[in-house]
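Both complexes below contain subunit A, partnered by subunit B and then by subunit C.
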Partner chain A sequence: MKTLEEIFCRQPETLNEALTLLSDEATRGVLLSGGTDLVVQWQAGAVPMPEQVIDLSAVPELKEISAQDGCLRIGACVTHAAIRNHALTREALPALVAACASIGARQIQSRGTLGGNVANASPAGDASPALLVADARVVTASLAGERCIPMNEFLLDYRKIDRHPDELILRFELTPCPQGGIERFCKIGTRGAQAISKVMGACRVVMHGKDIQHMALALGSVAATAIRLPETEKLLAGKTLCEELVDEAEACVLREVHPIADIRSTAEYRRWVSGRIVRGFLESL
Partner chain B sequence: MKKETFSVVNHSVLKIDGLQLALGRKSYVADLKPSDALYVKMLWSPHAHAEITSIDIRKAETMPGVRCVLCHTNTPRNIHCTAGQGFPEPSPYDTFMFDKKVRYVGDRVAAVAAETPEQAEEALKTIEVTYNLLEPVFTVDRALEPDAPIIHDEPEAHIPIPVPYEPEHNIVAKVGMEAGEFDQALAQADYSFDYTYETPYAQHCPIETYISMAHIDARGRVVVETSTQVPFHARRIIARTLGIPVRQIRVIKPRIGGGFGSKQEMLLEDVVALMALRTGRHVIWQLTRAENFRTGRTRHPIRLRIRTGVQKDGTLSALGMDAINNTGAYGGHGLTVVSCCGSKVLPLYRCDNIHFDARVVYTNLPVGGAYRGFGATQAFFAVETQIDEMAEAIGMDPLVFRQKNHIRTGDGSPVFQALGEGKEGTPMTIGSCALDQCILQGAAAIGWERRTPHTEKTGRYRTGIGMCCLMQGSSVPEIDMGAAAIKMNDDGSFNLTIGATDLGTGSDTVLGQIAAEALRTTIDQMIVYSSDTDLTPFDVGAYASSTTYLSGEAVRKAAVKVLNQILGVAAEMLEVPAESLEARESTVFSADGRQATYSEICLYALYQKNQFQIMDSASHITHKSPPPFAAHFVELELDTFTGCIKLLQYVATVDCGTAINPKLAEGQTEGGVMNGLSYALTEQYLFDSRGKMTNASFHNYHIWSMRDKPILKTILVPSYEETGPFGAKSVSEICINGPAPAINNALYNAAGIRLREFPFTPERVWNELQKKQA
Partner chain C sequence: MTQQSDGSFRIIGRSLTRSDAEDKVRGKAQYLDDLTMPGVWYADVVRAPVPCGKLLGLHFDESFDWTQVVTVKPEDIPGENIVDMTGLDMPFLAYDRIQYQGEPLALIAAPSKALAREAVNHVRAEVEELPAIQSIQEMVERHKTGLADSLRLLEKKEIRRGDAEGVLAGAGKVLEGEYWTGFQEQLYIEPQGMAAEPMESGGVYIRGSIQCPYYVAPELMKVLNLPLEKIRVEQTVTGGAFGGKEEFPTLPGGYCALLALKAGRPVKMVYDRHEDILFTTKRHPSWTRYRTALAEDGRIAAMEVDMILDGGAYTTISPVVLYRGILHAALGYRCENVTVRGFVYASNSFPCGAFRGFGAPQAYWGLESHVEDLAEQAGLGPDEFRLKNCLQEGDITPTGQHLLTSVGTPAVLKEALRRSDFHAKLARCDQGRPGAKSWYGIGVSFFAHGAGFTGDGEAKFGSRAAMELGRLSDGRPGLTLYASSTEMGQGAKTVLAQMAAEGAGLPFDRVFYPLPDTRVVPDSGPTVASRTTMVVGNILYHAGHKMKCLLEEAAAKHCFGGASVRLEGGRFFAEGVEARPFEEVAEVLLAQGEPLRTEHQFALPPHIRWDQERFVGDAYPAYSWACNVAEVEVDPLTLQIHLRKITAVYDVGRIINPTLAIGQLQGGLVQTIGYALMETMQVRKGLYDANRLQTYIIPTALDVPEMDLQFLEYSCDELAPGAKGLGEITMNGLAPAIGNAVRRATGCRLCAIPMRPEDLYATLYQGAKD
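For the complex of A and B:
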């Protein structure tokens, strides 16, 4: 049986070096960032230990948070702790900050990264719903150049993302929550820390009085990937918030999600609580 | 209550092993491993119920690094019981070291010892086993059907005490009792209730998993260093299992990283001992966390039907319990755990008409064992839920209903006499009970007066306040024995040797305090050494809430004898009658103001005149099992949108008599409450269709961490138990019994739902909320 020590690990120090390694099948390896998902999966035998690994933790370009051209850029290897603490994210992306603060526990947040959370492509990835409501774009890079893919297209299927073998995730570009906008995040688990979610949700809303001007809703752990709820959003956008509308929205959510049962919860509970999460969001506005 | 002025007991002295553990000094079994030890890996059964039709270990024996391979074809076939209990055990002998039949996923098939764990692992893969699969039995209902497969069909299976044992019907034991006219009282009650409750599997999850190491000493004896709660029982069971004399075995318990009952068992020791005998090498075996879950001992899941009758004036007229205990594939502790469902729970409330009937049943699931609370935890969930319900039905505050009915100092109970450990119990009247104060102080701390009925609550988030009352026991009367020896040294210090087993609880400290108090010295003068079958006197071990009460009294008696010897020598030195002397602060004083220090006295006795070693020993058995009492209170917030429960505050009051070390008693209480909260809210064994646990890791089996801890207040309510050392009773088990019923009662107070099973997961709470709406 292979042990961790036997994995051949390269640690590029520049982006170009990393992309060069990825461009050649001989040096291509599993991309490693914080390792909080991968190393655990390897150790548990859930995923076979790879022959070689490219450790991205020394590439400076991947660790930046900046505001540019009206959007927020978060490097793939920015840790959850950095997102939790950074002034830019705290101001512009409250749901993402709340999601990052709920991942694992403090130690995990200090190692785990946003890129890793998304690339792990678990439907229970805590950051994904918040990224979806912020209309995130995923920017990938290879020696051939960059690609910019909307988050909902990037998440292809259960444990599948739209990354070519010679690419890495460079950064995420997010639309900041507009002035006066409201974001919410909700996570249902079994204990205060170190618990993978049963269901989680995020929303971004812009209200004018009781009128809903903009509504973005996303849920995790209710489908093969984290999903937006386009039907429910359509139902709500442009309407005046009232009790009947909340009832309609909740019913619409139940039609829109098709969760499965697994070790963490039942399909029936997940479906029901999805509606309740959205109801909770709406009632809090 | 007796007023005594104590100088060492009832003080929170530092734990005597605290510093060594905090500094990471070599203390645990794994720390003691030499670099050339062999490592053991076990091939576990992948099937819940199967016969091994052939097994071939020849290839494994030739694999690199392999030094020993064991399986049923090359090991002694001595039927035994792995439960670490008194002798003869109140548990069936239904286990072989290795058998040609496997009875649960995680049963032993073959073991390899090799130079490295990886080599042992590789060798396991080469062992060829063919199985004849048998129908597995996964529920007690199936086990009890006439055509059910027989799990223990080996002819050797028997129980060594005269109680019913019917393996041909998958029945491990039956026990019951009646007092008064139960059926009639139930029929005539103003209100009667009949509900069935299910309590789940759970694991103790000590941070140190099971671990044992053995080697052969210079005289050819086998020395087993092991993480055990029962070193003397382990020695006896190893001897029986391997068919070697007790004198050939020495068992040593170093520091251990938690047990909570799981290590009241001989689980790894026979394998490492036999491998050491066969190889002459050090052999070490530690279970992984997954193995600890699957093959380690668990809390027995028990089905409890509770039938009760109550009069409009609040008189409890009938109290009945029918229990079916799923003991899993082997029967250790099955009878005693289910007996404690009755004996530790039914006496809490005064009632003339009592019914108890229990059966213990084999299944092809993980094996039940001793777990903190020992049956009382399961039964209190059911009974304390129903007590609340009865109070509700007659329109009485559930706190007042309990105040009206609970047992008091001077009361007896027919249950005490009827239910013992595999035989009749011991009649007992309560000598100390401060439950009334526990209820009052707990109610004040939680703010019970703020409690409003659930019918007045609306909205998404609803708070609820609930409570429960609890008792346990202290030791197993007339059965369990503890002994202590004390020897004086020339500087006035003392060696205290005890068989009692400190499993992280602090009992070495507590017993040292008791000795120091009785010897009129200080804790720093006590050199405490425990749990070594060659060097310390016998003790049954750490279980049944017995160490402080039982072993502590042995220590006190030994200390009094040694003090008398000290006074005798001082009398000779000071030339006055011993009766005129007084000892305090390691010094003996005469009435005329002269004095002799303990050091001077010991030096005189060792070197000067009429020389002898000041030393003595004492044994103790108890004639009663005085219960500690507790009242637990919880305030929670239920999110009716999600079914999630947030605990706002928890108050645990406990009457443990004199707390020998208040800080350690608080620690036991808080640890037990956290343990119980986790059991009530999140822990669960999930199985696939073939009986394999699917969440055997901390990743998906969730125990609570500090982040989950609510505001938790512990109140020690003193009483004085005349039969205990300096007034002490037990404290370590009772506290785990409270969270499940207290939370259930708070859920009712929040939203009008009562659950009959737990953990109270969001899914389960949601189901109840749905049912209530419908």
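For the complex of A and C:
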């Protein structure tokens, strides 16, 4: 049985150093950001403790939030607390801010990072739906260069992401919520804090009066990865919001999701409440 | 009315800072795992791989070097392979039949935890698996359909008053209800931990995180083949217990003792959280069925109750839990015809055990949910029905006990209804109103808890405690108390010292309550059954009074030239001379070298009568009474249940330390929020499915609502200074109060706890529960 102390840990201070370590199989280690997923998984025996890790927390490029070319860049090692507090994210990504503020509680938000949340690739990762409705792109990097992958393609399957062994997630690029746009986030947890989601959802909407100009909807914990709801979005986009439309949208969601039962909830409730979350979003507009 | 507030106490009734606070806050308290034990080895357990089966053989892998470790197999046990609890059906190490998954088959000690675990992994149990019983639903199904003989019955008991069956048979309408509760994990912060070392004089010294030092030795006598006096047991600082460290520690205590005696060195075992959740006791899952007939005038004509508890694999203390369960299952309302039948059946899961409330929370989930339906049938509000029918001074309980003294009902009920503005709010309940943004509901529950051992248990037990004048750790004179009661976070160390100091007429800081060690303390009984403040407090109060007399006599002789002396508030007074402080006089007395020691033995009020065979008589020396009001908002969009406010009014007798009492109440209520709304585990493939803090969901600070808490002090004057039980009644009634509120909010009665949005969804929209 291995202990935490026996893991060999390198802490690169530049991006290049990190990528160099990753490029060589001999120095390649498990990437460690805040450790709030990894350490728990090691201790629980869900994942074997690795021989070596690369601690990314000292690489400055990974910790930046900036606005460039009309998009918002969030480094992979930016903490949920930083996203919660930063003026740029608060202004442009209210659903993501709300999602990050719902993760664990203050302690976890201060250590856990956006990159860790996405790379952990749990369907219950709270940040993913908000990233999906912001049309996020994931930028990965290796010594060979950068790749830019749309978020919905990056999430391959249950606990699988499109990352090559010599790559790390560099940053996320997000489209800000447009002027007059509305974002919502909703989390159904098991308790008031420190709750893994039973179901959570996010939406981004642009309205003109009662007319829906743009509608992006995403849910988590209802499939192997967080998902957009293309059918429901199609149903709503370009329509005038009314009671019948809300009923139709709720019914459409039920056709689009096929959740499973696990220790946190039942398949039936998850499916039903998915529709209710979307109803709640629409009724709040 | 016996309500009174006696202003004559100096120390009782004051919120003194708990005496263990500083050490705990500064991190100085030494829990078992903090203690250094030179040469210590670590224990681990080879566990059964199936929930039910026949053990064909244990194979020790020859590729492993077994000389590095010490093993204990059934044939290495020096005495009888038996855990000596209420029943004698549990072997220490299973050798033939396996009754639960994880049952110990062999023990291993090694110089490191890792090596011990590695050794365990090199043992393979060969088993023939047999069909297992793994849920209370299955048990109840068999019980109802006449297949009870296919179950192992661990205990049954009946209470009878009048002729409930006869009245029900002739009644026009009989109201029926069935109610279910599940497992609950105690989740003390400090996990289970025990250590043992051989003593030079022969025998074994066992230490650990325990509630009941005097349980361990008698329960291990048989297996260790040692006389009582050769098993010394000492409590280490204990970080929470809630019943989980009542009978359970005997098991790890025994593992360590067997290994330590064989290895000839100290052996310890500290569970990690995962192991602690998987392989320790839980609250008994229960089923209750009520059948009740109302009289024309809205009174209860007859009530018949059946109660089944899932005992887990072996008897352990389940009979006692059942007794408390059935004694509370119809306790609350006037009724001349009552039958309560109780059964504990065995299943193939870890033996269930003690948990704060001890059968009473299960009983009240049934009774107080059912009473809500009775009120409706009677055409009365839930408040009116309870006020009309609740037991009051002079009334008679189902076992025929006359409630004569310290009866805080209907006062608790009236006060809680008034404070919460219950009646007005009742009219505002939404009952699942379509179109509402939020469904509001309010619910009430009324309940009791018998304090102390059942019946004449306290009289038979004859708890004793003592105190002696000596020097405290600060080098100054003071009293050291000797009793086996344990501080486990609840504040016993502080309140017992308060009562002793009050009796002795000394300042609080001159009285010290140490961690009990069976080598030096008399048996004041286990720290269970909401008895410690009432019973052991009473003993120490009287022993303190004897000490005061002794000190006055000695002071008179040695310091006041024979004049008559009075000790009060830490000063000795005599006619015509200046008062002298306790410490100055005590120095003189200590210099005399005569031991100044007093002892007292508990005596029940003489009128208490109990027939254990027929379950008739005075079931408890005193009862605490309480009323809980819960207000909820259910979100119609998601069916999430938000608990908004708790109003709780309690009569627990005299309050010894108000801050600690409120702390107990808050803690118990929060633990019940989890029981009512979140905490769920099931046995799947032999083991509890929720087996980590990630999956076993307990409340956080954000789940705790506004609380309005009030004590009404109906002092129990027969047992000075008048405290009754507080620890457990905090968990008896909140679940049904919330259930009743949820019903008024949604129009939907949930019959099982925890009540989750999934259950509301299934009941409201899916027709039936899956």
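In the analysis below, the second predicted complex is superposed on the first by the 285 of 285 C-alpha atoms of A that agree within 3 Å, B and C clash if a C-alpha of one lies under 4 Å from a C-alpha of the other, contacts with A are read in each partner's own complex, and residues count from 1 in each chain.
The rule is simple: a contact is a pair of C-beta atoms (placed from the backbone, for glycine too) under 8 Å apart; a residue touches a chain by one contact, two chains touch by 3 or more.
Note that this is a predicted model, so its numbers are computed, not measured.
J.: Does the subunit A-based superposition show subunit B and subunit C clashing or fitting?
T.: When both complexes are placed onto subunit A, subunit B and subunit C end up clashing with one another.
J.: Could you say whether A:Val273 touches subunit B, subunit C, both of them, or neither, answering first, second, both or neither?
T.: both
J.: Which holds for A:Ala127: it touches subunit B only (first), subunit C only (second), both, or neither?
T.: neither
J.: Answer with first, second, both or neither: which of subunit B and subunit C does A:Ala223 touch in the superposed model?
T.: It touches nothing on subunit B or subunit C.
J.: Following superposition on chain A, which residues of subunit A contact subunit B and also contact subunit C?
T.: Residues 1, 40, 44, 105, 188, 190-196, 263-266, 269, 272-273, 276-277, 279-280, which sit in both footprints.
J.: Under the touch definition given earlier, write down the residues of subunit A that touch subunit C in their complex.
T.: Those in contact with subunit C are residues 1, 40, 44, 105, 188, 190-196, 263-266, 268-269, 272-273, 276-277, 279-280.
J.: Residues of subunit A touching subunit B in their complex?
T.: Residues of subunit A touching subunit B: 1, 40, 44, 105, 188, 190-196, 198, 263-266, 269, 272-273, 276-277, 279-280, 283.
J.: For subunit C, which residues are in contact with subunit A within the complex?
T.: 113-114, 117-118, 274, 637-640, 678, 689-690, 692, 694-695, 697-703, 757-758, 761-762, 765-766, 770
J.: If you look only at subunit B, which of its residues touch subunit A in the complex?
T.: Answer in residue numbers: 118, 121-122, 460, 641-644, 681-682, 686, 694-695, 697-700, 702, 704-705, 707-708, 761-763, 766.
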